Amino acid sequence: MGGLTRVDSATMARWLEGSAVAMREQRDYLTQLDAAIGDADHGTNMDRGFASVVTKLEELDDSTPPGKLLVAAGSTLVSTVGGASGPLWGTALRRAGRSIGDGESFDGAALATALEAALDGVVKLGAARPGDKTMVDALEPAVRALRERVDGGASAADALVAAREAAEDGMHATVPLQASKGRASYLGERSIGHQDPGATSTVFILRALEQAVRERP
Amino acid sequence: MGGLTRVDSATMARWLEGSAVAMREQRDYLTQLDAAIGDADHGTNMDRGFASVVTKLEELDDSTPPGKLLVAAGSTLVSTVGGASGPLWGTALRRAGRSIGDGESFDGAALATALEAALDGVVKLGAARPGDKTMVDALEPAVRALRERVDGGASAADALVAAREAAEDGMHATVPLQASKGRASYLGERSIGHQDPGATSTVFILRALEQAVRERP
Amino acid sequence: MSVATQTLKKFVNAPEDVVKESLAGLAAAHPDLVRVDFDNQVVLRKDAPVAGKVGLVSGGGSGHEPLHGGFVGRGMLDAACPGEIFTSPVPDQMLAATKAVDGGAGVLHIVKNYTGDVMNFQLAAELADDDGVAVESVLTNDDVAVEDSLWTAGRRGVGVTVIVEKLAGAKAEAGGSLEEVATVARRVNERGRSLGVALTSCVTPSAGAPTFEIGADEMEFGVGIHGEPGRRREKLKPASEIVAEMTEAILADLSPAAGATLLAFVNGLGGTPLIELYVVYNELAKQLAERGLTVARNLVGNYITSLEMAGVSITLVELDDELTTLWDAPVHTPALRWGA
Amino acid sequence: MSVATQTLKKFVNAPEDVVKESLAGLAAAHPDLVRVDFDNQVVLRKDAPVAGKVGLVSGGGSGHEPLHGGFVGRGMLDAACPGEIFTSPVPDQMLAATKAVDGGAGVLHIVKNYTGDVMNFQLAAELADDDGVAVESVLTNDDVAVEDSLWTAGRRGVGVTVIVEKLAGAKAEAGGSLEEVATVARRVNERGRSLGVALTSCVTPSAGAPTFEIGADEMEFGVGIHGEPGRRREKLKPASEIVAEMTEAILADLSPAAGATLLAFVNGLGGTPLIELYVVYNELAKQLAERGLTVARNLVGNYITSLEMAGVSITLVELDDELTTLWDAPVHTPALRWGA
């Protein structure tokens, strides 16, 4: 299949639904992580947001192109999550959607470009750099891995495996870091030794993307 | 010695000082009893009051007659204790002192009359009857026993042994009672099974009186 | 039982100094409204005595702040006598307060119905009488949790005390005579009923431990403001059910006229966040509306507390035109202020 | 982690409804002052928009009541946007609020410096700009517990937010332009510093368990209003020592002019009784007097809380004539009221 893999609206819908399932399942775990170095709401925030996205998807026309679908999902996150993760993930999905444009489907390269746009939006808004102990520590290596594999000729599905693995490594690497962005930064040295909740939810979201693309009928 | 026992100012001072020692020692116990069916302050109340009485005694002339001494002690309790026990014990000592009058010393019969006046003051002010689960349940039988023994020709010291024993019996008898006066009455049936703090401190005060009279030099 | 200061989860120095130091803080924060007579431990309205005005004196154990010291000022109390924590003050305080606020029109004592408070105020009134000051006493006894009977100490005075102090204070400020002011106070008490529910116990500084134990899933229905037990211990319920039961119990006892106009007072006992007090007020407003009762005035907040107890009390007072006007009259005290 | 309602020691129904139901209670209790737009979850000044007046919008996570909804009314906020408990509100709320209060003179956003609040308000401001509403934003970041650095999220906004809302609100009420109102707000923030100390943790309704564990003899020095850790965990001390350390830390950072005139704000975090807040105020007044600083105005009470957390924060603001006049200006909101 290689570079010919094409991703469509149904794939994107499966991604978002899969993310919603993961957020519901992992809600208490994410909140516990946030209790340790934040304010104990990351799980409820993400769960509330993605549940609203699923509701939103039901309202949308089946013919909605994938880019529009992601923009709508991003707007829904912005409108329902609040906190730091709402604007960040909302902007990420909106930027990804706009990068994809109006086509009915897109290939792996366009997917990589979309996720680069997402990352760019997150960084522009939150000003976090890798190593600050945020979701960027999972998202940035994932996007980089995705681009490399796609450029090297891998299928979107295969490239996403590498992306998800890179995100996982990035997530684990947040544990020894001292936070310098977000609420965890207030802890100073006491943030060391805890895994970042936003990096963790990012892994779940990328895992859902990987599955959605692989399961393409 | 019999009815010839005479009680003087020094005896009364020893009584009040002994009561103060007992209140200090038993403060936490009395407060615990009050926590169960009241508001957890009986020990601190009585301790504060009798400590003030001891300070007051130091200010008084050595020649102060015993009646005046008791009146001053009672006024001090009224002025420093607060709560239910302040006015009640304050009135009790004031009435006892007034009943004794201005003499330098008095006999067992006068002591019995003084404690009857004290009881009368408590009942007039607090309107508790025996069985209401209050200090009256200890004081009333003690006063009755004292009168009986003194009338029967016992010495004040011996009569006070009987009085203290009667008070102890009365105190123990408060356990199964349902309170109908004071703060414990708010508990209704839930006051049953607890010993009344005021009856308990009454026993300590009568014990101090018994000792003060027996130790008369 | 005695516990070292540093293990008390409280901002205090020596536990026995907490009342005095807190009064010093009150005096420092509100020199425009009150002055504190530290010798007699009395909080006085700054300009007391007000010539020709009936003086209002209240008092009771400390630990219920802002009651009573926070209600001293124009349109409410002339003096407050704070006792030790949960311990009625002594007659000396009340006598000093009574003399200090007597502006020639007599003095009203507002007394919550607790044996200690009643006896100490009674002794003070007798002493004031000896000194030629005309004193009237009004007893508040609004707590429907306690069965009222000739053979017991009767009902406790709780939330209605705040309302009595406000309305009688306004009557006195408006130039009412001692008898008129006392009549207003008695009317408010007669037309008011309260009930409290606790979720946790308070901790007195001298005991250093919870006054009562309560299970993680339990509440005390009908609790008193000193942590006295109530009607029953039961399982915690949703706010809607708790408030329905409270409203039911209060109204059953108050029996307001059909379509009556009420003052609804939702009071926090100290440790319950305001967000929950408004949840309770929301439920209460619904309950009363369903019964065709009109809430004309309300008060929501911590006004008669039990240290850090998590809990809430509801007080309902049946208003009439005079009482409503008195409620709206200006008041300027540390804890209650409007129209000024 | 998820806990059944009945074991939550709170007066709530479903935990996820607590914010909405509390707002319904606020609306029911203060219909003369505020109205609540439930669709957008916004508390509005009853007469908003006020033509020609700069509109003030603030907001943030719930759980800090009375902040911000309790400060909506004349002389303070025009709108408050309450988020879920401890979660910043969303831009839709802020946009709806901004449009609803724009009286033609522009709108000031008062934002506490938390990543979420900052980003959500920023998105809202962009959207409002698209709609042609002039918006200025002021960030409060007064918490000296947090080290300020370009490379971190910076200081948290805490107690000074209340003072900014009061003083900027007075400036707007007095007819100040958007720029003037924003300047007052920024000046207050620059001249104000805060520090908080917690003795116990708060419990969020959704978590149902304490946000942090703390030993029976410990305190968190420098705690945040969401239970964020502070500078250090240490052994509890007498109030005099705690307040001395707090005052020291705040003044070291504020460096007021010699003989400066201050506003001293002792704030309860929710679960600390008022009697202790006055003990703290007493110590603070002594500390400041010893340093030759004058306390010209003060505020003592629960104004920016952290649910039922036992704890206290101190905010000091260096006043000048304009700020003092603005403080004294009338205010009429559910939680702060004078001169009206």
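By letter and in written order, the chains are A, B, C and D; residue numbering begins at 1 in each of them.
Everything that follows uses one rule, which is that a contact is a pair of C-beta atoms (placed from the backbone, for glycine too) under 8 Å apart; a residue touches a chain by one contact, two chains touch by 3 or more.
None of the values given here were measured: they were computed from a predicted structure.
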item	value
Neighbouring chains common to chain C and chain D, by label	none
Distance between chain centroids, defined by C-alpha means - chain A, chain C (Å)	55
Rounded Å distance between chain B and chain C, as computed from the means of their C-alpha atoms	33
Chain centre separation in whole Å, for chain B relative to chain A (CA means)	78
Touch-based graph of the chains, sorted into line, ring, star, complete or other	line
Pairs of chains satisfying the touch condition	A-D, B-C, C-D
Residues of chain D defined as touching chain C within the complex	5-14, 18-19, 21-26, 28-29, 62-63, 65-66, 70, 199-200, 216-217, 235-240, 242-243, 270-283, 285, 298, 300, 302, 305, 307-308, 310, 312, 337-340
Touching residues on chain C, where the partner in the complex is chain B	1-2, 61, 83-92, 114-116, 119-120, 122-123, 145-147, 151-153, 156, 204, 206-207, 211-212, 224, 226-229
Touching residues (chain side chain A, partner chain D) in the complex	27-28, 31-32, 35, 38-41, 43-45, 48, 78-88, 125-126, 180-183, 185-188, 190
